[in-house]
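What follows is a group of structures, each given as C-alpha cells.
Each of the next two complexes has subunit A plus one other chain: subunit B in the first, subunit C in the second.
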Partner chain A sequence: MSKSAKVTAPAVEVPQNAAIFAQNLNFTYNAKSAFAKRALDNINLTVCNGEFVAIVGHTGSGKTTFVQHLNALIRVQDGYLNVLGHDLSAKKPDLKALRQQVGMVFQYPEYQLFADTVLADVCFGLKNFGVESDKREQMARDALELVGLDFDKVKDKSPFDLSGGEKRRVALAGVLAMKPQILVMDEPTAGLDPRGKLEVLSLVRQLNQRDGVTVLMVSHDMNEVYENADRVLVFREGTLAYDLPPRELFRKEEEIRAMNLEVPAMAAFCNELEKNGFVVPENCRTVEDVCAAVVALKEARNA
Partner chain B sequence: MLRDVTFGQYYPGNSFVHKMDARIKLILTLLFMVGIFFVKSFVVFGFVTVLLLAIIFVARVPLKSVLKSIKGIIVLLLLTAIINIFFTKGEDGEQPLWSWWKIEIYVAGLKSAAKIFLRLVYLVIGSSVLTLTTTPVDLTHAVESLLKPLRIVKFPVHEFALIMSLTLSFIPSLIEETDRIIRAQKARGADFDTGGLIKRAKAFIPILIPLLVGGFRRAEELANAMNSRCYEGATKRTCMRVMKLSWRDLVGAFVMIAFFTGVFLLYGMSKQWSVDVAWLYY
Partner chain C sequence: MEVINLNNVSYYYKAYNDDGTVGSAIGVEGVTLSVNEGAFVALVGHNGCGKSTLAKLLNGLLIPKGGTVTVFGLDTAKKENIFEIRKNVGMVFQNPDNQMVASIVEEDVAFGPENLGVPQKEIVERVNEALEQVGMTEFAKRSPHRLSGGQKQRIAIAGALAIRPKILVLDESTAMLDPQGRKEVLEVAHRLNAQGMTVLLITHFMEEVLDCDQVVVMNNGHVVKIGTPTEIFQDKRLLEDAGLRAPRTAELARALAEAGFDVSVRETDALKLGGDVCRNLQK
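Right after this comes the complex of A and B.
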C-alpha cells in the first residue's frame, strides 16, 4: 500500500485483492454547459490482481474515458475510484507513483516516440520516475528483449528508422520498462499485420500469466477478446452493460448483435453445437481447443 | 484542454452578411481597415461605432462572440495605449496635465492613446466580423480569386490558396494529435508543470518531435491521396461552388464606400475651409 492510501482513509470498503475498484463513478464532459455530455454513468466494478480483462463497446461508449481514469489522466468527477491502493477521488493522489504502477499504452503508441535513440526513448519513463541511471540500461534491455527486439542491435538506432511493427514494440517497451503492475492498452493490435497481432497478444498473455500483471485491453476485435480475456466488460452509452466471462457473454448472441458487436467465430460455432444438444467444455475458446473438443465429441459418439 | 482554442471561428448563419460574396466582404474589410486610420476625431469614431453595430446586427452574430476576439490582443492594446500616454508631447505652450520627475502626461497624449485604442479594437472587430460570417473555404476561394491578376507575373496563385486551405484544415487535427501526445507522455511520467524555465522548455521536446514527425507523415499521406486522385494543380480545375455577385454585394459595397468616402473627404479638408463642420473635428 502506498502513502496516499494512508493519508485519506478510504470512505468505501475496498475488497481485498482488488487492483481496481470503482463505485458509482460518473463523468460528464463540459459539465454545466450547453454541450454537457455524460460519458460515464454510475460505473461499479472490481478488477482483481492478475486478471485479464477486455473492454469492448462502440465508439463513444465511455470505454476510453474510463480507461483514462485509471491513470488519473482524467480526474474523478463524481464517485469513488481506487487503483492499487491509490484513492483517486482524493484531492491530490500521488500521480508519479500511480503512473509508474499503471502502464498505459495508447492507440498507435509508435506516434509518441521522440528520442534520437531507441535506448533513450525506452529510458524516458524510467528517468521521469527517478530510476538511477546505472539501473536504467539493464531495465531497458529487459524490456526490449521482452518485446522480442535485439537490444544490442537496436539500442543506438533512431526509432524513426525502424519498421512499423518494430516501432510499436519499442513504444511498448517504453511502457513495460517501468514494470507496471497494471497494464492498460487501447487497441494494442490496431493496424498490425496478423503476425504482429499474434506476437503482441502472446506477449501480453505472457506478462499476465508469468509475471502476474493485471491487464485491461480495449479492443474491437471480438475474436481476440474471446480467446484471451478472462472477463469482458461491455460499455454502452456510458454504462457498464455486461461484466461477464467471454463464454457466457457471447452466448447472448441476440443482445451482442443488437449492440452492433460481432459474435466471435469460435463462440458462434460452440453456440451452434450447444443448440444441437452437444456439451462443449466451458473453457474452450481457441481454434485448437474447439478442434480438440469436436474430436472428443466425435470419439465419444463412436464409442 | 487545448480543444477550447478556436481558430477562424465561423458562426453559422443565413444573414445578409453571410450571404454576401466572400470576395466583396474581403475587399470591404480591407477598405474598413485602411479607412479606420483616416478617422481623426471622436465624433467620426462615434459614426464608425454605429456602422459596426449596424453590420453586426445585420449579420446576426452575437455581440459576445465579436467582443471575444478582443481578448487575444488585450495586452497589445494596453501596451500601445500606455506608451501613447507617456510619449506624446503636447503642443507648444500646453501645460502638462500631470508631471513627476521626467514623466509628463498631456491631454494630447490621453486623446491619442484613446484613438489608437479605438482603432485597434475596431480593426480586430472588423476582421472578426469577416471570419465569423465567412467559412474558411469561402475565404480561401476569395483570396484565390482576388489574387488571380498576379498570375501575369507567374505568381502561383492556386498553389498559394491550396496551402492556405490545407493549413486551416489541419489545425483541428493537429490540436487533437497534440492532446493525445501530451496524454501519452504524461502516462510515461512526463511533467510539464514544475521546474524552472529551461526544464519546462525541455519538457516540450517529447511533444514537439512526435508532432513534427506526425505532421510530415500526414503531409505525405495527403500528397499521395491527392496524387492518386489525379490532382495536377491549377490547370483545367473548376470550382464546385461558383461565386456570383448579387444585389446584397451591391448594397453592402455602396454603404461602405459611401461611408469611407466621407471619412477620406473629411481627412483631406483642412480646418480653415470647413468652419461649418468644425464640430466634426473633436
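Right after this comes the complex of A and C.
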C-alpha cells in the first residue's frame, strides 16, 4: 500500500499560509504483522501559520502518532504531509532544518533534563544543531528569560535542585532556544499545580500572540483547551472526528460526552443560557468574559 | 473517634546554601491537625508546600523534628510502633509506574501481605478481596505494564488495601492520570470511604475536593485554613496566596453574586448555575 502511494503520489497543492498540511495521511504500527494496528486513518487537515490549535482525544486515539509525524520522529507511511514547506512524504526531506523549525515538547519534559547545570542543559540542543559556542550562551539567556527564569541566578544550578514548575520551564527553554516556528506540545501542563499551569499557558499564549509561533497543544484538560485554543482537533480511533472552533465544538454536548470527554464548565454554562434563548457572544470563554457577558445581558434587559 | 493527631509538628530538610554550607529548608512547620475515623479529608496546596512531607509523616516514613504525630494513639517517633502504624496506614503515590514491583497483577498486590508474613491461604483471600474492591478482578493474571494509568493506580491501591489498613493516603495519586483515570481512582476512594475507610486525598485539582468532608489548605509548610469545600472556594485571597484556583463554576458563581445576581455562591454545577442565571434574567 505504502509503496504504490509513493510511486503514484499525485501533485499536491498546499494551501497558502499553511504551516501544516496533511492529506489522506495513514499510519499503521507493526504493519504486515499479526500485531498490525491502525493508528491514523485518513487524516486531512490544515494548520495555518500563527494558529493556536488544541488536539484532544482519548488515550490511544492517535494524537501522539500524529504529532510525532510533524518533526519526522515517525516517517510518513502513506499519504501526504507538508510541514513549513518540507514535503515529509518525500524520500529524503531535510530533517535537520525541519527539526530546528518544529520544536517538540514531550510529556513531562523535565524527565529529560540531564546536564550538570541549567546552562549546559539548554545549550545541548543548540550544540547539536551546530550553533557556534560563542552564540550559545546568549541564545540560552534569551530562552531562559523568555520562560521567566533569572538567567544569572539559575544558569549554574543543577536542574534537579529546581521546583517542578521551574524544571518544566528549563526543559521548555531548551526547545525554545532554537526559536522554532511551530511548537508542538504534548500535555505541557500535566502534573503542574494551578499556578504552574497558568505560568506555562501564559508563556505559550505570549509566544503565539506576540511572536507568531504556531502552537499545537495536546491536552486532556478541556477547560484549558476551551480558553486558549483558536481551533480544536478531536481524534477518535485514529480518525479526525471534529475540527472546529472551541465554542462550536462544545455545543455538541452529547457527542462530546459520548467520546468520554468533558464539557468545559464555561461551555456548559453558556449552552444552558443559549437553550433558554439568550445570546452569548461567540468569543467569551473565560470566567471573566462569561461574567461580563451575563452582566451585559442583564443591563440590556433593564434598559 | 480521632485516628490521626498532629500536634505542633515540624519537619526540616537538609539543604545546601549557595556558599556550600549546610542549612535547612522547611518541610512543614507548626502543623496541628486532627482527622476523625471515616472522614474524607483533602489536603491541597501548590507544589512544594509541604503536602507530601505531611503524608510521609503519617506512617513514619519521616519522623517529626518537632511536635508529635500519633496514629491510633501510637507515636510515630517510637520505633516499636512503626510496624503497627504502617499496617494501618496504606499509601499510594503519584507515579503508577514507580509502584509496580511484580510482573503479574495479583503478585504485585500480594507483595504487602507477603512481607507481613500472612499465611498463603489468607494472602489469596486478601488479594482477591482487594482486587474486587478496586474493580480489577478480571486483570488478576495480567501484566501491570500493559494497563492504563488509572488501572495501574487502582492496582497500587489494591496493593495498599491488601495490608488491610484503616487509613488510606493518596499522595497526588491522580496527578499523572488522564480525566478517565482520575475519575476511576476517585470513585474507588469514595467507595472505600463509604465502607468506613478514612481517606486523606492530597491533590491540587480543586474539582476533586468538591465531595470531601474537609479541606486542609497548606502554604509554605503551614496549614493556613481548614474548612468545607465551599468555604475554601469562596476565599479568593486565600486561594491566590496558596497558588490554587477554585473550580471555574465556583469562580463564576462568586463573581455573579458580587454583580448582584441572585445565585448561590455555593453552586459548583455549571448547568444549575446557568439555570439560576436564566431565571434571574427572565424576571
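Please note the rule applied: the second predicted complex is superposed on the first by the 293 of 303 C-alpha atoms of A that agree within 3 Å, B and C clash if a C-alpha of one lies under 4 Å from a C-alpha of the other, contacts with A are read in each partner's own complex, and residues count from 1 in each chain.
What we mean here is this: a residue touches a chain if its C-beta (ideal position, glycine included) is under 8 Å from a C-beta of that chain, and two chains touch if they have at least 3 such contacts.
The shown structure was predicted, so the numbers you read here are calculated from the model rather than taken from an experiment.
**Q** In the superposed arrangement, which partner chain does A:138 touch: subunit B (first), subunit C (second), both, or neither?
**A** In the superposition, A:138 touches no partner, neither subunit B nor subunit C.
**Q** Figure out whether A:16 sits in contact with subunit B (first) or subunit C (second), or with both, or with neither.
**A** In the superposition, A:16 contacts neither subunit B nor subunit C.
**Q** Under the stated touch criterion, which partner chain does A:125 make contact with: subunit B (first), subunit C (second), both, or neither?
**A** Only subunit B is touched by A:125; subunit C is not.
**Q** Just subunit B (first), just subunit C (second), both, or neither: which does A:302 touch?
**A** Once the two structures are laid over each other on A, A:302 reaches no partner at all.
**Q** Which partner, once the models are overlaid, touches more of subunit A's residues, subunit C or subunit B?
**A** C
**Q** In the superposed arrangement, which partner chain does A:73 touch: subunit B (first), subunit C (second), both, or neither?
**A** First partner only, subunit B.
**Q** Find the residues of subunit A that appear in the contact set with subunit B and again in the contact set with subunit C.
**A** Of subunit A, no residue contacts subunit B in one complex and subunit C in the other.
**Q** So in the complex, the part of subunit A that touches subunit B is made up of which residues?
**A** For subunit A paired with subunit B, touching residues are 68, 71, 73, 96, 99-100, 103-104, 106, 109, 111-115, 124-125, 128-129, 160, 174-175, 178.
**Q** Hey, which residues of subunit A end up touching subunit C in the complex?
**A** Those residues of subunit A that touch subunit C are 58-59, 163-165, 190-196, 198, 220-223, 260-262, 264-266, 268-273, 276, 278, 287-288, 290-291, 294-295, 297-298, 301.
**Q** So in the complex, the part of subunit C that touches subunit A is made up of which residues?
**A** 45-48, 94, 148, 175-176, 178-180, 204, 206, 243-245, 247-249, 251-252, 255-256, 259, 261, 270-271, 273-275, 277-278, 280-282
**Q** What does subunit B use to touch subunit A in their complex?
**A** Where subunit B meets subunit A, its residues are 177, 180-181, 183-191, 205-210, 213-214.
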